[in-house]
């Protein structure tokens, strides 16, 4: 298996604050990589940097399928196949559900006519289970549906690597299970996934590999089962006392 | 059902406007109608950048004035045929829009207002400085009118200008309606609703913004040219604060981000402002109060009123027939 | 909720008013009333001009009506507001005039700054009298005077502004009130189409009379709070004469005050701006000695009883002194009354306009007779004079031409 | 003439002029900057408030009005301006805070407010020009140029006022609360600061500052309803050059614009100075939108 994404020595600071320090990791084709870490450990910043929305890294290099994206703008990064979701449920509130997907689809989808592109958009909605809602304004659907819509719009961009930022935050237990199934399904469809999540059960069920960030640095890496037992991880999450008990 | 009603309303609206000159030949009504139609074009095209695009573009009326001056200067002083007026107006206006859009790409919020407003002021300075060409603060006069053979567009109470303006309005409505449902339109709205999200879905920010400005500037350019030929004059007051506020009131009164709101706003406000003419300065007091009240109680403007009424009716109906269900 | 109800009520009222405006204007107007329309912007920077023109016209109409009217007609003076002064707003006002059933004439300081409305007024044919902006009106009329048979300006050509000053200075030298050591001058232009031809013309006229220019700058048409940089540059080589063609009287007053902080031994002439009554309020004793001129202004009250009469009536009616437009618009209404007396029918625009064109009448600002080539009042000896004034202790003393002079020119107090 | 002499000559020609202009601009811009810093909006009624205050001062002070003397007039005008500021905030700004498009809405509502005040002034006081007396008669000499005593007062008043404003914001509880609200509204609210009240106070103070500027202007220019129009534009330029959100920046901006204008008038002539100022302004907005002192 080749690396679909390779991150080499990236850093990002905001004034005195170093949000990401010399971080390196890689993602193999068809792999699901989980990222955990306490609040403020730089997880979301990492996604911002990878997609350059709104900013890239201060230093370091990012390669997608072997090709460096350093000189590229956010739009070209999307075209290379690196697509993210956001932590809070985000949408184009005044567009309808299907228009949210349509606006995310690349130019090539519109070459074979209006009907074909709509059909294609409906397939993405169907894939996440939102086809019935297609004509409602995006602002009117539920939080869970909005999270799924965000994934549908990401899929519409034809990602090679999908970056999911807390896809299950705020969801009920059955909804979390459904989300796990969805992520697995996406991965089975040939898309590599990086998922940031606080819900450990989700991370354990979907990830092939797990890394833990703390203060912008890589704290631990390995299989989910190993990593969550790592005392350094427990210390980072629960404080020194818990680790030594 | 709803779309049929809509189509019927659109057809009725234009049918009335097309038929109006046949039933009313009064030159005062004609002038006010022409001006209302021109304002409707200006305001609904402004809606593309300010309403749909969410970009606080305060240069739109300057585009109009630039179009009018360009047409006036080239056809009067440099002898271009008046029939080149509209292409000249459009070219000048679009060029101005691209010029002002470039710095806007880097800016947000209040800075966009300031830069676009400053652009209008800069144009005004140039007009005042270039007295020989523009007539300075007195304005440009005797701009050649449109004529076909012996028929002047001014004949029969300006009937030529009336139908020309109406045709441009028809085109504007068609383009804005197309725009609102096109992929380009979705992209513009997506950028307004959530810029980072839109960028992360591959929407090209700079290109979309530039195209938005250019598209919205086509109409003030065209109408600026026809305006200059109709009133045969261009004045620096067209860059002024009162004029800008007047148009902005129409847009906000009508409701941004809808096809019909701004057009309704333009018609209602033109007539209102005319009716209030005898009030003198008092007119501005009424207008000011009206603007604030609308912003306060009808933030969606006239366009929000049908929705408001519908909600009221639906609300009362559900109240009676269907007990509220928990969502 | 209450405010919404009020809003609805207001909307209903407005709708009613719209209906009234579109269908109600032809309602039975009173028999035998003739409307004189005052076209102008009644809000904004030109409001004072419009209001004073309106006041003057109304005052005259009131007197005429009190005396029983003319040929059974009573006069009604109405405002036709050009609002934002954009061309469409000016035209809307013209259209409102046109739709006024008993419109007799338009009497106004000026309809617009460019005079473009004339084309439309010419189509209506109604007699149209204006009192300012002659250059613009002339430039439109001159190429085709026959088209504008109904448009006549009670103001003269402004050409004399460009030429007369050197003559007046030489007269002052002759009578000994000004003794320059050398023939030098400094000149300041103001960047607007009214002042610039005067600035250019004065430069030419001064040069022709052998004056040497030592300083030359043009200020933009904005508020100028500080003239000291310019003044300091002028002071580096004090000229015999300083000419400022600044059109804004507020700016001109600042100039006057700041000049007086360190006056040079120079005669100071400011074009027109000191004629605004409040100029003296802002400059107080500083303005004693300054020269200015005016074309088409009322002749001084002490030599012309008509001026005193109108001025007193105006002050009694409105509580303050009128500027030039109150006087001229007052005269316009009396001129209209003369025309109506002769023609009899106010709706016979052609004959009324012909009567207007034939005017030859002594008025508050001199003898008005129109030049058929430009439709402006004739200017020069025997017609409307260019008057030069010197302010002295707040009084405005006419020093030129001799026939209207109310005093002699004096050496400005700052010249040593 | 030696180089030193000519430098001295230039300095003498420019210095007093630049100082007078700069001090005027400080007065004009201070209130505008305060409202921007605190509420994050541009208050377009600022110029109209200048005119309104000048009219009130005239009515109270002038023999044709109440004839109570200039001092009473000044106090009354500042109080009325502050009250107007309070009302403007209550009617035109407070109800809209927190809306998504507050920036645009505030532009519209305050513009409407400006039209309302200006045209009310026209209706109340008529179109004829009014005029305030100068605070003091006589002239003062600075750096080789004579200026009027009134302008000398403006030169002294400008830095004193800014110092006072700084001390108020720094050392009083209300001042600290206003700064807290400006920096972080939510946090200030959590700490028990009544945000709406602080906004109202900031607005009233800003309006009083506008009023003072209007009174000072009313003695050197004619009072018309449009008195504040061009000063507002100048104040905008000053506030932006100095950097939105920075009071020291505003002061520096005012002195830069004032001295810049004087220098440019000397070397380039008055004609080009306005155009240069505008170009610098636009260039600044584009290249350094956060101003001289703004945070990047």
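For reference, chains read A, B, C and D in written order, and residue numbers begin at 1 within each chain.
Please note the rule applied: a contact is a pair of C-beta atoms (placed from the backbone, for glycine too) under 8 Å apart; a residue touches a chain by one contact, two chains touch by 3 or more.
Note that the structure is predicted; figures quoted are calculated from it, not measured.
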| item | value |
| --- | --- |
| Common touching chains of chain C and chain B | D |
| Chains contacting each of chain A and chain C, listed by label | B |
| Most widely separated chain from chain D, with each centre as the mean of CA atoms | A |
| Centre-most chain, if every chain is reduced to its averaged C-alpha atoms | B |
| Length of the line joining the C-alpha centres of chain A and chain D, rounded to whole Å | 50 |
| Centroid spacing, where centroids are CA-atom means, of chain B and chain D in whole angstrom | 33 |
| CA centroid of chain C to CA centroid of chain D, Å | 34 |
| Centroid distance [mean C-alpha coordinates] between chain B and chain A, Å | 42 |
| Contacts with 2+ other chains: residues of chain C | 43-44, 47, 191, 220 |
| Chain D, residues touching no fewer than two other chains | 119, 122, 274-275 |
| Residues within chain B bordering two or more other chains | 129, 242, 281, 284 |
| All chain pairs that touch each other | A-B, B-C, B-D, C-D |
| Contact footprint of chain D on chain C as seen in their complex | 43-45, 47-48, 50-52, 191, 217-220, 222-226, 228-230, 232-233, 236, 249-250, 253-254, 257-258, 261-262, 276, 278, 281-282, 320 |
| Contact set on chain D toward chain C in their complex | 9, 12-14, 16-17, 20-21, 24, 119, 122, 126-131, 139, 145-148, 220-222, 224-226, 230-231, 261-262, 265-266, 269-271, 273-275 |
| Contact footprint of chain B on chain D as seen in their complex | 41-42, 91-92, 95-96, 99, 103-105, 107-109, 111-113, 115-116, 118-120, 122-123, 233, 236, 240, 244, 274-275, 278-279, 281-282, 285-286, 289 |
| Touching residues (chain side chain B, partner chain C) in the complex | 26-29, 31-32, 35, 38, 128-129, 131, 135-142, 227, 231-235, 237-238, 240, 242-243, 246, 271-275, 277-278, 280-281, 283-284, 290, 293, 297 |
| Residue ranges of chain A in contact with chain B within the complex | 51, 53-54, 74-75, 78-79, 83-84, 86, 90-95, 99, 102-104, 106, 110, 153-154, 156-157 |
